[in-house]
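Chain naming follows the written order as A, B, C, D and E, and within any one chain the residues start at number 1.
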Amino acid sequence: MSENEISLVALFEKSTDTAKAIDDLHTLGIPDDRMVVMTDVPYPEQALGRTREWSSLPYIVLAGAIVGLLIGLFLSAITPHLYRLDVGGHPPVGFPPAAVITFVFTMMAIIVSTFLGVLWEMDFPSFGPAPYHKAVTDGQLAILIEFSPDLDDKVNQVLKANQADYIGEPEMISL
Amino acid sequence: MSESEVLAYPEDSSAAEFEDRLLLAERTSSEINQAVLQPMFRTSWKFWALVIFLSLLVLWGLFAWGYLIYWGMGTAGINRPVYWGFFIATFVFWVGISHAGTMISAVLRLLKADWRRPITRGAEAMTAFALMMAGLFPFIHLGRVWKFYWMLPYPNNRLMWPNFQSPLMWDMVAIFTYFIGSTLYLYLALIPDLAMARDHTGKWRQKLYRVLSLGWRGTEAEWHKLHRALSIFSVAIIPIFLSVHSIVSWDFAVTIQPRWHSTIFAPYFVVGAIYSGLAALACILVIVRKGMQLQEFLRSEHFDALGKLVLVAGMAWVYFWFAGFIVEWYGNEPVTRELIHEEVAGSLAPLFYLQMSANLIPIVMLIFKKVRTTPWLLLVATLLVNVGMFTERVLIVVGNLQRNFMPFNWGEYSPTWVEVSIVVMTFAGFALLYTIFSRIFPYVPVWEIKEGRLRYTVRRIGRLLVPTAAEIE
Amino acid sequence: MKRFWLIGLFILVVVGVIAGVILTRVQVYAAPEQPIAYSHQVHVEAGIQCLFCHPSPLKSPLAGIPSVQKCMGCHNVIDTDNPEIQQVASYYESGEPIPWIRVNLQPDFVYFNHQPHLGAGLNCETCHGDVGQMDVTRQTVKMDMGWCLDCHINQSDEKVGRLADCLACHK
Amino acid sequence: MAEIEPRWVLIVDLDRCTGCQACVVACQAENNVPTVGEHETIEGRWLHWIHIERYWEGEYPNIKARFMPVMCQQCTAAPCEPVCPVFATYHTPEGLNAQIYNRCIGTRFCGSACPYKTRTYNWLRPEFPEPLHEQLNPDVTVRSRGLIEKCTFCVQRIRRIEIEAHAQGREPVDGEIQPACVQTCPPDALVFGDLNDPSSRVSQLATSHRSFKLLGELGTDPGVIYLKGGETNV
Amino acid sequence: MTKRVSRRDFLKLTAGATVVTGLAPSVRRMVLEPYVQPPEEVLPGEATWYASTCRLCPAGCGIIVRVINGRAKKIEGNPHHPLNQGKLCARGQAGLQILYNPDRLKNAVLQSGGRGSLKFEPLYWSEALDILVDKLETLSNPNRVAFLGGLMPSHLYKLTTRFLSSFGSSSPIIYDLHSALEGRNSTVQLSESLFGSPELPIYDLANAEVIFSFGANFLETWMSPVSQSHAFGTMRQGQLGGRGFLVHFEPRLSATAASADEWIPIKPGAEGYVALAIGRIILEERLGQASSHRPYSILYQNVDVQEMADASQIPVEVLHRFARIFADADQAIAIPGGGLAGQHNGGTSMLAVQALNLLSAQIGRVGGVFLSQPGPTAGFRQNPNPGSFENLSILIERMKSGEIDLLLIYGTNPVFELPTSAGFAEAIASVPYVISFSQFVDETAARADLILPDHTYLESWGYEVPAPGAAKPAVSSQQPVVRPLYDTRSTGDVLLAVAERLGGQVANALPWSDEVDFLQELATELHGSSLGAYDAKTPSSFWALWRQYGGWWTEKEIPREPDISTIVQEPIPVSEPVFDGEENSYPYHLHPYPSITLSDGRGANLPWLQGAPDPMTTVCWGTWVELNPETASSLGVSEDDVVRVISPHGELEAPVVIYPGIRPDVVAIPVGQGHEQFGRFAEQRGSNPIALVASITDPETGSLAWGATRVRIEPTGRKKSLARLESLAGEGRESIG
């Protein structure tokens, strides 16, 4: 945030108030990317009047799946040829075992890439000091707003008008 | 029930009943937080006594394992032709138990069965710990466990790779995948609750939760991505969960050992796994509810629903069992005939009838709602299922190896103290991990319950009050 | 800073592993201390062929360590003042074998046979290195399975089936 | 080296076998098979690579007993081979079902998969009280506890003769290679040789009308061929 | 300040690093010890094969021993030997474990704590010889020393006999259980009376069309099992256009009976009846080659077929069938076996059986009965033929009455091998001084004052004339294949050393410096023969070839037709078997039989043999009692139930094996186990059925009638699992599936 920006945190009891406050902040000209809403419950998209965010997770998973598939194919179809040993009259690479191995490795890669992907997407782990308020996990809805100083009064007004329980400077907490 | 009686219900009490059932009762978020966190701090002497007792069992089992490694497999009761004994049977049992977690949290999540919410974490933890215990057995039963790394695919100067035609390789890879999947699944869903716990605890716990919650703040973006990830997980883990027990069954079915060499083994094993897993979950929930005073979250309607699932799985298991049995009986092949005779009227008969009764009686019991909703009756029924399914594993692994094509080489098997100690060790280890887990991590998924509260409301339709869900997910 | 320690620990582990690898190699290649300060170099430079002292690799699995009698065959007259030679003589007189430390060693489950290797036209030097240049004999290659396979797996098609077969060395 | 790889087979003539156990002890002596003692035998953990099964037929007084030496059948389509996760058992180009002891990790999967139950396992640490260890054959690995072992058709003897013959610039002649059991069998009930050599004794015996394979209906294509007893060959 | 790190320390350091990183195999430092003076024929790492002779039974098979770096590794049959032709039995294979037995005596010992105390004090050989010489010198009368021998090397028997006769004492008494169970003594006596030669006849099984075996376990322990088994294989599948037919008469289905085409569970003692009846039928019906019958018709004068059929409980029709089978065959042999010799009427039964061969003119024919041709080996004969039990009984009486002051025992273990009722254990206690030459502390050696352990057969010299021999005249030579492991000494050398010290006529009678000297002298006798399979220019090269080939034999087969003596001028007596024990209180016949692996018990300390299963029951490591299923159910016992077997002379306990191949009135127990002393593998294992046997003898031959004891059986209610390979649940079925 730039130096002459003000950041505020406002806590609300009710989601309706929060949604209203966000709408009002929008009308004040504060865009979505200057607001962060923190809740203890996953609210449905648009419940608070904000648009959906684009996520690259499916692509990460897809890439993971392809990598897993390739590993699986390598292990099940290539390695038997690196040191050829015959077993039980089977061909060195049989479809059923190769299918099982390829499948399982693909699934493993999907799982791992999903996990890593979501951490990547969320910038986790990020323990560094971040604006936060502990009341969030007690059911309060928090809006974190950044705006230029000239909107200070208006923002406070809007927030108060929407029954904000608390308005104040956000605490920078080492999470 | 006559109409007049329904009308006689006071409206208020009816509404309260629904709210109660759906955990919609007027409670603030922080009250719910405390209700979940408080039991974690309740560590009476009984708790420590339990921990010490379980630890001693685990230590004894580890000693037995050391003894086994030092002196060799001969200290176990296995022999020729019963090359696999209690170890593999217990392995199959634990892998089976692990199936309930996925069933509850992935399948029910996808099906949007909302009653799952309070029990998902317990189920997922059960999966993870059961897999840990299951994962021990492939090591325990190795004759030269110090060479286990030869099963790992890594480039080496011998140019040797593992044999991917071996079902043991599939097994190892599948179980590892399932373990990763279920552990990550458990962990992902735990993050918001860890953040909650971080905000409401101090000292070492806070430090631990801080690290584990990775900096969760509960922003909209985080929730959105978490949801997305959990949906992918739910979808991805279901084929894994089906494949794991199928592969375990193929360990047996790929051989030409009569009664093992069966095409129905894979679905039969999966269904059996779900049956025993759900039963084990019900069992654990009854115990945990009592031990941690979680009556508020784990209610009779959860048990009712879980009981119904157990019932359905049980009936499916009977169907699959019978479908296999009738074909084998009818085929009347000599060794199969011997094996069936052994089970029905021979030396395995006590085990066989124990297995059948312990698996069938609970099905009859669970038909009654009274049983499903009364904790101790449910406990009895589900414990029976687990006894039955354990016996079934023993019968499949041990029983079927006792007879083969060469009557000269038939054999009998009975476990030794080493095997019993190690098997008990895994039960104790599971209980120990579970006990410790329940005191360190929020046992009830707080955010999921809160989410559920968001989605539900009680509506009046005519004279009736009914719960309705908002399609918001 | 905590992170520093973490990185430090990591580096320590990596360095330890690398050092271990190097040290084990050094140890494989290090010449052991022998009971008699025998020098291959001196003998080879004197014009003695390998097969003079180690006569059996052409017909036997082992190359053979020369008997004390064989040593004394020459050293009855040659260099008898040398204290090391006198030590050999004392072994001979007491009828005790000289406890040589084995330099090139295969584990119990590996069955190496010199005869077919020499029969296939390999020289002593191919595997044992230039022993004639060594004062104290040491191993020049780490004789592990990968090393064996380097040759065995790169054979003509009709031979590789047998030579790369596990039963070629493990019985 | 032969142009076509040999296919080693063992012929067991049940009409000649007298059940005398000479092969059992010869095998034990040749292959460093430990003796396990009374208790382990009771537990079903005996370790003979070759054992003689005795079958009863009829009832007293019209009773007959038959002997059948059973050892690893060296199947071509061996059920034991594909199940090993580490390739400790596999099929060699010369038709042997190989067991590499130092590679075995002891899953016992092959033992469970073997329909003949001829794979034995070192349940406990083998003991050779001094100086009995002096009897150990230096050509055969002494197995530790925790691994599967079985009849190898005395591969060390096959190799010994092959190397010897090769050094002399010739091929081994039929009958020159003999596993320990074949070498010692007093009534000559066991014959060993190369099935791919049409002139070998085993090739001729294998075509006998008396020949059959143990559990032939399983289709494992064993390398051990039995000749039925109680009939003339003509 | 910096300590100099030596290279050794450095190695230690790297070893530490290795362990820590676990990246390389742990440090291996192996010491190589070269020969100081290498033996000529030895190539390091390469095996050397030495030819010698097997001594685990009296058959005398040729063996070759694989020796690597001075250690014997494997025993195989000598492929050139005419007797066993490269084959060897289980016992022969296990001989290595005698050499490497952990319970061997490592030097001469004095039982310092008194007899049976098992407290041994090591002695130097010079001290030990001093004692022996002293004991001999102080004897009041040379007849107060007795030498009891069992399985003795031939040259040792010669030396001993020479030694004793020069000393003025009587020849050694030879007796061992193995020979008794084979009926060697009776067979030799029969040959002497029939053929005029005290030898064991050879039956040409390989070429026989029909074989009637009367209690001859010729595929297990009887006589020369390896060569007989080899011949059996040929008889089965090696004959052109035919397959021999084997009928076995024995109360129990032995392994030989199992290989037979027909097994007749004959009443114990009734074998002779059957043979007589068959002979009579052949004569009456003029079956087969009737022309050869005439001289023998007198033999069957007293025989009534119906009577014989009643007495043997075999229907007349069956006897007729057998008579036809026997007579119609071109080559038919009847073998009188050890089972007959062990009956009270053994001598006559054996005569009756052997007479069948006379009747069908099989003597000296291909596929018939031979005597071995000594050829130039005649000088080597004088094998110690086992004496009768009666001779031994006389010795026991003399011992009891204090007529023996010094007892020397070689190669036999009478305390174990004789029935308790023979009283050897009490007799030996009344002998003032007992010296044993045993390599192990067995039951008899435990009762000796001094033990002078001989080398094992793989460490010592000797020779053996195979008996019954092969079709070629042969002598098997024996030589040390390894250097003696311990400070033991050859008994031959001990005798020579003692003779030297005694001086006088004894020293003159035994002038050789050691036994090798004696053997070399003996071997030169064969040097001149042109019949040998090899030629040698000089005696010393003959000696080398003699050792290299493992003996001497002729190129060609030289069979010898026996001369039929005058005995066949009288009718064969019909004698009824007599049994010890009242039939009402002892309803079952005890049938002890030699174990195929442990033989008479001398194999019991070899783990390979203990672990090798009995072919019929697949039991190892123990003793069992075989009962017919009918008998078992009448007694109310099942498999593994421990029963008490009681004879008038003792009792034993052992688990039951339900054995479908045994007469309901017979109880069979294998011999071999039940050692009190004999090393860790044999001790306190199973029980010894010979202990129950009554010491009654066959009046004809003086042999012990070991099969003539009756017993009763009492269940004990206990169970003991037998170590068996077979699964009981399998019920003896073949593969199913």
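Rule of thumb we're sticking to: a contact is a pair of C-beta atoms (placed from the backbone, for glycine too) under 8 Å apart; a residue touches a chain by one contact, two chains touch by 3 or more.
Since the structure is predicted, the reported quantities are computational estimates derived from the model, not experimental observations.
Path length between chain A and chain E in the touching-chain graph (shortest route): 2. Among the remaining chains, E is positioned farthest from chain A, on the basis of C-alpha centroids.
Across B-C and C-D, it is C-D that has more C-beta pairs touching. With centres computed from Cα atoms alone, the innermost chain of the structure is D. Mean C-alpha positions place chain B and chain D at a centre distance of 45 Å. Separating the centre of chain A from that of chain C, both taken as means of CA atoms, is a distance of 61 Å.
Chain geometry summary: the mean Cα position of chain C and that of chain E are 51 Å apart. Note on chain placement: the centre of chain D and the centre of chain E lie 29 Å apart, centres being C-alpha means. Multi-chain contact residues, meaning those touching two or more other chains, occur in chain A at positions 83, 85, 87-88, 90.
Residues of chain C in contact with at least two other chains: 59, 107, 153, 166.
Touching of two or more other chains is recorded for residues 44, 46, 53-55, 79, 82, 84, 87, 90, 103, 115, 215, 218 of chain D. Those residues of chain D lying in contact with chain B across their complex are 40, 43-46, 53-55, 70, 79, 82-87, 103-109, 111-113, 115-117, 120-125, 144-148, 215, 218.
Against chain A, in their complex, chain D makes its touches with residues 75-82, 84, 87, 89-91, 221.
Chain B meets chain E in the complex at residues 258, 333-335, 338, 402-403, 405-412.
Of all the residues in chain E, the ones that touch chain D in their complex are 68, 71-77, 84, 86-94, 96-97, 99-102, 219-220, 225-226, 229-230, 232-234, 236-238, 241-243, 253, 255-259, 261, 263, 265, 485, 596-597, 607-613, 615-616, 618, 620-622, 628-630, 660-662, 664, 680, 685, 721-727, 731-735, 737. Contact residues on chain A toward chain B in their complex (touch as defined above): 36-45, 47-48, 50, 52-53, 55, 57-58, 61, 75-76, 79-80, 82-83, 85, 87-88, 90, 94, 97-98, 100-101, 103-105, 107-108, 110-112, 114-115, 117-119, 121-122, 124-128, 130, 132, 134, 136-140, 174-175.
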